[in-house]
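Chain lettering (A, B, C and D) follows the sequence in which the chains are written, and residue indices restart at 1 in each chain.
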Amino acid sequence: MSKLDNIPVRHQPTEAAGRKRTNPLAHVFDELVKFCQSRSMFMLHYCTGCGAIELPPAMTSRFDMERLGIQPMVTPRQADILLITGYVSIKTLKRIILTYEQMQSPKYVIGICSCTVNGGMYWQSYATAKVLKDYLPVDVYIAGCMPRPEAVISGMRELMSDIKSGRAQNWKRYYENYDHYLGNQQKLFGEDWQTPTDIIAEARHYGLMTDRTLGEHTALLEKHQRPLEALEMRLSAREKQKT
Amino acid sequence: MSKDLNIWLDDLLGDIENIQFKRKSSRRVRVDVGSEALPALLELLQGRASYVHLSAISCVDWIEDEEFELVYHVWSYETRSLVSAHTRIPREPGVYLSIYDLYQPAAFFERDIHEMFGVFFEGSPDMEKFILTEWDGPPPMRKEFDSEAFVNQHFEWEQYHPQWLKDLEEEGGGVTTRPEDIRL
Amino acid sequence: MTPLDQLLLLSALTVVVPLFTGNRRITGPLATLLYTGQGLLLLRMAGLGYGSETPVSSAVSLQVLGLELHWRFDALSWFFALITIGAGLLSSWFASGEWAQRYRDSGSSLRLFHAALALNVFTMLVLLASGELLSLFIGWELVSWASFLMMSLGSNTALRYAMRYVTYAFAGAMAVLMGLVLVYTRTGSFEFQAFRDAVPSMDADTVWLLFGLFAAGFGVKMALLPFHLWQAKAYAETPGPGAAFLGAISSRMGLFAMIVVLVQIIGVARLVELPVPFTFLSGRDLLAWVAVFTIIFPTFTALRQHDARRLLAWHGIGQGGYMLLGILIADDLGSAGGLMHVFNHATYQAVLFMSVTAVIHRTGTSDLNKLGGLVARMPLSFLAMLIGIIGLAGLPPMNGFVSKWLVYRALILEGSPLLFLGAVIGTLGTILSVYKLIHNTFLGQLRLEHVDIEEAPSSMLWPMMILSTVVFVTGYFPGLVLDWIASVQAAVGLPVLAHHLGGVHIDKGGLDMIWVVSVLLAGFGVGALVFLSGNRSKRVHQLDNYAGGHFLTADTRYQYSDNFYPGLMHLIGPWYRKSFRWLEGGFVSTVDTVSQLMQGLYRHTHPAFYLLAVVVFALSWVMGGD
Amino acid sequence: MNLSELLIELLLMPLVAFVIGLGMVLMMRKIAARLGRRIGPPLLQPIYDIIKLYGKRTQISHGLIHEIGIIMAVGGYVAAETLLPVPGMNGLADKGGVITLAYVMMIPSLGMALGVGQCANPNGSIGISRALTAMLAYDIPFILVIFGAAYVYGTTNLADIIAIQQQQGVSGWGLMQMPLLALAGMLALPAVMGKQPFEIYIAPAEIATGPMVEMSGKFMGGLFVMQCFQLYTAGVLYTTLFLGGGAYWITFLPKIYAVVAIPMAAAMLFPRYRTEDVIRLMWKWPVLVGLMGLAVAMK
């Protein structure tokens, strides 16, 4: 990440690559879906660090996030927003990446607390990851060494306006620059780092592949990756897959 | 009732030779004892003086004296008082005896100290990695380990120099002495 | 040579043929062909099933000690014969392909298996064709021996359970024999008609005695409650297709005999007049309550089993309770429900046993805690088991629902809430245990050692698919089966059910399965449309699962299968006090001590004299009579 | 009632059920919020949630049975709605009575159970085993109440039941004739709806929302739609049996919402019951009251 141009800048809202849009009606439908996505965000109930203590007050009677349509959900499958709160220790970062890949897009990451921005007060620690942006695309940062619930909600509203205007497309960058993110992850966790989610197959499945998705790091991953194809229903083992 | 127990403890510890004994308050006692005598002292405290609860083992790295200082905090529910048994072991082999047979919780304290300071406790049930499962570097809490140098070498976290920060610095603005260079 | 004789002759031939063709591969297909022959001969008598023909009597009739034995087929026996031959055909087809090779390679004799299966079918046809009480008893004994032969083919533990079955069957046969002797002393002949004419003149306690003897005697084969302990283990240990056959039809022979004696001859109306002293119950209510308890206790015992075959065998006992309950209500709806449940149960019980055998054939075990995730490797067996469990649980698209609905509707019309409640508890227990069965075998985590197993061979799949389509089609158009049942009701003397192809039309709330199932399928179509309106979904690997941030690996086994309903077992666990096993144990030990006492007395002093005394006493007591 | 009219009804009833169900889900969340002194979600929140879930770009599925399970869950309830008569539309009430409806209501839970089974997630299997145990618990008083109503009215056809109740006006209601049975039904209703005190099978912290653990995007959307149908079916069935069903929409809607609101308001104040406590509670009071009601009704 030493060269500056290598830093992925905020993504311009390009048209969804997967779908060819012809009739104007589709545009209206897209607006409706974007509006509903902004008005109904499911927040993953996963406290990664010390900042999570600010979330219950944001949900309970005084600040009541449910007015904005934000509900805490328990599993990454059902969630849209992943709140990375507080310092990100290496151990937790592994679980954060696993959880992020298990979430279904369009998914958003909000970095709460300054430790996710540049390491915060734990910048000297050997055990914390300093810049969250290297490991997974982050949409909104809420600075503060534990921001108050009002700040958290203003961050949420910022994300809501981004979604409504269509600017919050960072989740695509994870697929489009997977090699860059995987490189950073392998630098931290070692060469044999692998998550059970097959991101490359997912990118290919949803048509989000670009030339930057595959590279030297993904080649490294290919070498030792455990087979992750889904258990297809088949009657007989005669056509043995290549193992 | 705890008053006379304290008195009884004071003169008990008093008549053991080559032991420094200092009562800080009615509920705190500090004892300095040789490294080979510590298990016997703990056995005595646990068996006779109702100090049945080992609340912690802490370790201090005296890098100048080339020594580790192990502090065993034992607590008694009856006298409601804490005895801190201090002892010194040489830093180099960094090996000491486990007191797992006296206090079972010691296993975890010793495992933690082994991971953080590298002190090996013979007889302790489990000496693998405890918390830092992803860490394969030297024991991080030893004084010769410089965390900041490690961070600067492994993490490229400060290259974030956007244009607005460069302009600020040209005009002489920004922070003159960086926060990490300030030494009190 | 009436069609009945040709049928019995061909059936006897099917017994003889495997003895010659022996262990060769040809035995299976040949036997299946012979069963189809028997089926065709049976269809020649199809008029019986549609009420257009008078009973077909056999030309053969024997004169024994002045008593005349003769055989005939009426609508009731035709209906049961149809299920028997159908089950026999599909079981022998199942046992003719790869299963037969494995069975032969494992050292057991294929010749004996096919002979036993054919013998079972033959003896059941003879029982069904019985014209009067004596031939009924002879057929009853033959069926008991034939099913003993089938049960003892398995391992030596199977032999132990078969011996246990024989002691039960022998005791039951003795009870039936005593009933016969009592009838003979009253009416002087074994004819059904003579017995039927004599019944009104009998006083209450002789009818009570007859009712007790026949109900107990036939109840043993039907595994009614106090005598049900032998069936689960015996059926579970029988080799695969044998268990499918026995589970489907063998214990319904008891129901056939009970219908002939209790319903056709004594008549349920007469049973209603039999008062049970000091209670408001009548004879019929007593047997109905035995039937309801037979539904509940075995079903909740099945819930705790962790072997698939044992679980299914316990359900076989439970479902028998519905049939008896339906017939005992004796109005048009209830009896139709009971009789239809015989057919329905035969179909889905056979499918379930075959599916479990297919799983055993491929994975080698039927222990629910050692299986899991097989849907990815054995999809058709999964489909067969799915249709089977929906039928067993009695949910709408399948035929099990129609017969249970008829029984429930009759219970509501008759107004007996507690019987209704008991039956519903049984249904809910079934739903719980069938989900445990399909979850632990086919759903959940696929184990490493099962990753490359194959689907069951086609010789096993064809019978399963045929039975599954039968279960679905008779569920969609229950009228097909209700026609046969209407003719059976007419033959047996029960009120006939006015029905149409889709079900039954009553102004106070009927059932039209064609509409209900079509709306259900339309609903699934709408569900599919709603589902497809979302974007494309991606199939993921089994290990790409939410485990609270833990990285799942293939060697950790995280399938939840043991102690599947902890909450329920926590509450009703203490209620399982094996009271019936204690009852049986107590009875066995008393008989043991008495026999030792007699043996001691008998061996030491003048054995011949005591034997004579006992025989004279027995004869005088029986002959004494009124 | 010719065929085309019937077909229109078969299409319209599920849609009406879905819309009313959305209103019920909104009411549930509003009541929960108000009891927690919160403002609660905006008016159209349930619709936003469902459209967002169906608008998700990526979804994971664990196999064909997982997808068929969700299709059965939604489809089963779409079929069940056509058996429930509403003002002006009788649908298939005469083709299958109240027993058929009770069984068709079990198909969605079986479908969901199969779908969750294939997800191979222990949380899901534990959730399903608890959901089926809860079904065993609440179905016994529920069936007792159905038996009592069917016996007293003499018919299982829901359309006739409504007609009978409406002949004598309010005094003809099931509530007036069989108060004890109505009470037993009300006691069993929260469990039938699977809401607050009886939702041990969705225990979020303990088994990560049980059956819904591996549901994303349109799968989760299907379960949200099923939730709407579940509340609607329970509410309308109770109204049909005991509150005289619907003659006109103006009187029908308040009745359904009242029936659904009462257990909801009472529910939010109770902590979650363990599975065996659900069984013990359901088999004690509702069954007792139901049996007494039956004794009174069948004398």
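Assorted remarks:
The rule is simple: contacts are C-beta pairs under 8 Å (C-beta built on N, C-alpha and C of every residue); 3 or more make two chains touch, one makes a residue touch a chain.
This is a predicted model, so every value here is computed, not measured.
Leaving out only chain C, the chains are still linked to one another by touching in one piece.
The most central chain, judged by C-alpha centres against the centre of all protein C-alpha atoms, is D. Here A-D and C-D were compared by C-beta pairs in contact; the pair with more is C-D. With centres defined as mean CA coordinates, chain D is found 35 Å away from chain C. For the pair chain B and chain D, the distance between C-alpha centroids works out to 60 Å. Put simply, the C-alpha centre of chain A and that of chain B have 39 angstrom between them.
For chain A, the set of residues that touch two or more other chains comprises 75, 77, 202, 206, 230-231, 233. Chain C has residues 373, 375-376, 446, 536, 538-540, 542, 544-546 in contact with two or more other chains. Touching pairs of chains, sorted by label, consist of A-B, A-C, A-D, C-D. Interface of chain B with chain A (complex): residues 132-135, 137, 140, 147-148, 150-151, 155-160, 180. Chain C meets chain A in the complex at residues 373, 375-377, 379-380, 446, 452-455, 536, 538-546, 549, 551-552. Residue ranges on chain D touching chain A, taken from their complex, read 29, 33, 36-42, 45, 47-49, 51-52, 55-60, 62-64, 204-205, 208-209, 212-217, 220. Taken in their complex, chain A has these residues touching chain D: 16, 18, 32-33, 35-37, 39-40, 45, 60-61, 64, 66-67, 69, 71, 73-75, 77-78, 80, 104-106, 202, 206, 230-231, 233. For chain D in complex with chain C, the touching residues are 10, 14, 53-63, 65, 67, 70-80, 82-83, 92, 94-100, 103-104, 106-107, 110, 113-114, 117-123, 125-126, 128-130, 132-133, 135-136, 139-140, 143-144, 147-148, 150-151, 154-157, 160, 200, 208, 213-214, 217-219, 221-222, 225, 274-276, 278-280, 291, 294, 298.
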